[in-house]
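Structures for review follow.
Both complexes shown next keep chain A, but they swap its partner, so chain B is in the first and chain C is in the second.
Entry: the complex of A and B
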């Protein structure tokens, strides 16, 4: 059962399994574990960005296609649904019309980009997508009478998905982990008191419904992608990544596969954009189309681990937590320093991206397979140490495969 | 970078004009495109507007050329795609602006030569600072990833984040106004002496940009075509190993080209800062789009192509910006896509990517 669900692609590292299970539980029970709107929106963003990053990984990690137009497709989804709802009013019909229309637009654009990448070689593709995405961004910003320009659009979701809608009358109990943990550290003697404090009332509203829709779509998309990369199709993609010329010589039409990958990941990004518009209920160029967002997606993908879909989950969770909470940590760190000095500027809360950029560059040099790849590498080493009884040849063989794994993501 | 053959030689003399046009389009696509680009807007706007826009487009093209030439050379010689090039532009802008502000505050007298003299140290400082960052960047960021395009893209994107954040640490994250020397403000008025065009006003600063751009272009062509260094550079583009076999240390050559490219980006940034008179740390990122379009248009690695690409992008920006301001960016990228459909290798290709 589990094997079918995960398509035989297990995390293959005990710490990774634990971490992923923990993340899954936190996301699944999210609204009952973390009170407050900020935590709630962070949870929603994590779900949306898992789709975005996983679909980006399909291109970057599995096929080594660098595209800078992923936010464009994300934005097409978000703006598609926002604009149809702006024009047609509330209701579920505009959502589905918007979804269909934006998927169609994405399909056509991705096909065009794919055809362009046919004519020009790999490195051109990165540059061309960057330029096209920028043109799209400027178009959206300039055509303000339909897109709202810099101000963006407010998405009025149907009542069933809004905070005013209450499907059940009764109240549920939530248990705030954060309160519990802080209580545990500050006041360990008073367990009962801490326990009672951390229980809070949770009412199910339409927003929770929307969250769970997003969550289940995310899980579905993730399992679909796992299936895809472990299918014969996925094998061909990895073959293209390792040696395109050889894959061609074996008789695969690599151009077809590359175009297909670009289209699939564009469509998934569009879907994520639609979910984003519905859960965030506000769409503007900055939160959907910006080049900075594209860099963020790249960061999440690489830090988590290119070529491992689990890596995109880890990367998205880590990055979004850092984006939302690292500023607080830095503020706390910088509190002791005198304001205005260079050091204080360096650890200032708005400089969190500096540290993430540094982490990113270092991780490309030293852990090219990202967090997940590195965990798998360690797991592989320790298991080989258990098996090989000081046999030099097998150890050398493992070392060899370990080094190989450093270049490309580890895929058995 | 072989010299294009002359198409109007003796045995083509009796061809029909249509065949000549086709041969022209085939052999000199950059001139063909430039001609079309200049002639078509002439019918869409008054001729005096057209003249002003053309000069402004040339000025913008000259500045874009300064910024883009470094990136295209880096790619041509070292096969390194430096996406952090935009941060060098930003750095040059901030460095130039700092010198300019200090200098102009010291000499408020506003005499023409003092004013004009402020520009030179500002540009030099931008050049030196961006060049120094280039040395650091090549050593720390790019050297470990030679020959791996994917990692180059990732690492240089990361490096550009770091540099931009550091810029904000040093200069703050707000916009900074840049004073333009008094001597470069205003315009030269040309009276009705010229036929057809009539009286126009040429902005002095744009004239300066055009002169500087042409000067740098000529210098680069001279270095590449006529000097020993240029021979080595061209040989390195063609076949790196062969140059090494001859006993030249191509690493040093790489470093020199990278630093020169960074320094040029710095100058371009400083020029742009004085042109726009306001700068932010993210200006480099925005300019990167135009720079990328320029080097793709010209053909990655080609200095000549980069020049024509820059002029084309500058012109289309200004023409379309006048006719329909909202579509300027779209038209720029559209031009790139159209050229790629026509000639996938760019206008003047030098290397097989």
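Entry: the complex of A and C
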């Protein structure tokens, strides 16, 4: 059962399994573990960006296609649904019409880009996607009467997905992990009190419904991608990544496969964009189309580990947590320091980008294959050490070799 | 020259790189059930001719025909699909995948399941079993799970051959299949080639420097020199001809000594 769900592609590292299970539980029970609107929106963003990064990994990690147009497809989804709802009003019909229309637009654009990828070399393909993405960005900013320009669009979701809607009467209890952990540190002697403080009343609204829709779509997409990369199709992608010339000589029309990957990846990014618009309820060029966002997606993919899919979960979670909470951590750190001192200046909350960058450099230094890639590498080494020269060395060899290919995209 | 029963034929096949004519108006037809050795000194255009036939290079002039059909404008993948199999001279595999996975890719291509994305690859036991069978044929089954990058040169050459076998082509193109193999490995590959030759519907092309191998396997020898076809015929006849003495035999004698 589990094997079928995960398509036989397990995390293959004990620490990684633990981390992934924790992340899964936190996301699955999120609204009942983390009170507050900020935590809620972070949870939603994590789900959305797992789709975005995982679909990007399909291109970058599994096929070595470097594209800078991923945010464009994300934006097409977000704007597609926002603009349809802007024009047609509230309701579920505009959502599905917007979804369908943006998927269609993405399909056509991705088909064009994909067919282009056979004509030009990798680096030129990357540049073309960059140009197309920028063109799309300026198009959206210029056509302000339908897109809202820089101001963006507010998305008025149907009542059933909004805060005013209560699917059932009564309240559920939530248990705030953050309150509990803080209490555990500050007041360890008084566990009963801490426990009672941590329990909060969770009001279930339409927003929670929207969150769970997003969560389940994310789980579905992730399992679909796991299946995809472990299917015969996925094997051909690996073959193309390793040696495109040879893949062709075996009779694989690599153009078909590359185009298919670009299209699948684009459609999933579009789907993520639609979810983003509905859960964030506000769409503008900065939060959907910006080049900075594109770089962030790339970073999440690389930090997590390219070509592993699980890396996209780890990368998205860590990155979004750092982006949203690093300032608070710094504020907390600086709290005990003398104001005005050099140290206090260094950990000032406004310096968060500096620390953010430092964290990234460190993660690339210590996890050159990405977090997931490196954990698997270590797991492979320790298991081969334990087994000596026994039969299991092959498994370790496979894992190691599996990671070798993820050093980076080869521009050929 | 053209014959109605030819499986593969090149007509005036030519390729130019700038001013250099690497293959010059080579016309040659190959019948089913034959093994043709292609000999000639280094730089004679043997591999380039192979590249023109299998589609890695596009001809400047002339044409390639498979079962009478003009395939000159087809790409590499389409030609492979139509039955042109090729084992490369410089080993050309998927280095980070296991030996078995390499062959499985070839079997999957042959069975046209490359587009299947809803099924787990590991569930296709039929594909794995076939792939294992081809590995066994080249004496490589014990290395099935090893990454290709960790295999010896000779093992990689054998794997090259296994990949071509797995494609089950009509035309088998071997480009110095035994180069770099250890002495005890060579007979395995030569036996395989001899077996393929037994099958009536197959065409085997063999670029080979070792004259003893050529003599024992070939039904016919084609000699290339400076990109031109200079001799073509029965092995004994060709080896004895003056043009071969002049163009090639010096090299051949050396190769024989070293073999």
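Structural remarks
The rule is short, and it goes like this: the second predicted complex is superposed on the first by the 350 of 412 C-alpha atoms of A that agree within 3 Å, B and C clash if a C-alpha of one lies under 4 Å from a C-alpha of the other, contacts with A are read in each partner's own complex, and residues count from 1 in each chain.
In the analysis below, contacts are C-beta pairs under 8 Å (C-beta built on N, C-alpha and C of every residue); 3 or more make two chains touch, one makes a residue touch a chain.
Bear in mind that the values here come from a model prediction, so they are computed numbers and not experimental data.
In the superposed model, A:180 makes contact with neither chain B nor chain C.
In the overlay built on the shared chain, the residue A:357 is in contact with chain B alone; chain C does not reach it.
Once the two complexes are laid over each other on the shared chain, residue contacts for A:250 go to chain C alone; chain B is not touched.
Contact with chain C, but none with chain B, is seen for A:238 once the two complexes are overlaid on the shared chain. Of the two partner chains placed by superposition, only chain B is touched by A:116; chain C is not. By the document's definition of touching, neither partner reaches A:200: not chain B, not chain C. When the shared chain is aligned, chain C comes close enough to touch A:227, but chain B does not.
Counting contacts by the rule stated earlier, no residue of chain A appears in both its interface with chain B and its interface with chain C. Note for the complex: chain B touches chain A at residues 81, 141, 144-145, 149-151, 153-155, 157-159, 161-162, 165-166, 168-169, 173, 285, 288-289, 292-293, 295-296, 300, 326-330, 332-334, 336-337, 340-341, 344, 353. Those residues of chain A that touch chain B in the shared complex are 64, 66, 116, 119-124, 126-128, 130-132, 134-135, 138-139, 142-143, 291, 295, 298-299, 302, 342, 345-346, 348, 350-351, 353-354, 356-358, 360-361, 364-365, 368.
For chain C in complex with chain A, the residues that touch the partner chain are 54, 56, 75-78, 80-81, 86, 88, 92-98, 101, 104-106, 108-110, 113-122, 124, 127, 145-147, 149-150, 163, 167. The touching residues of chain A, counted against chain C in their complex, run 4, 7-8, 227-228, 230-236, 238-239, 242-243, 245-254, 256-257, 260, 394, 397-398, 400-402, 404-405.
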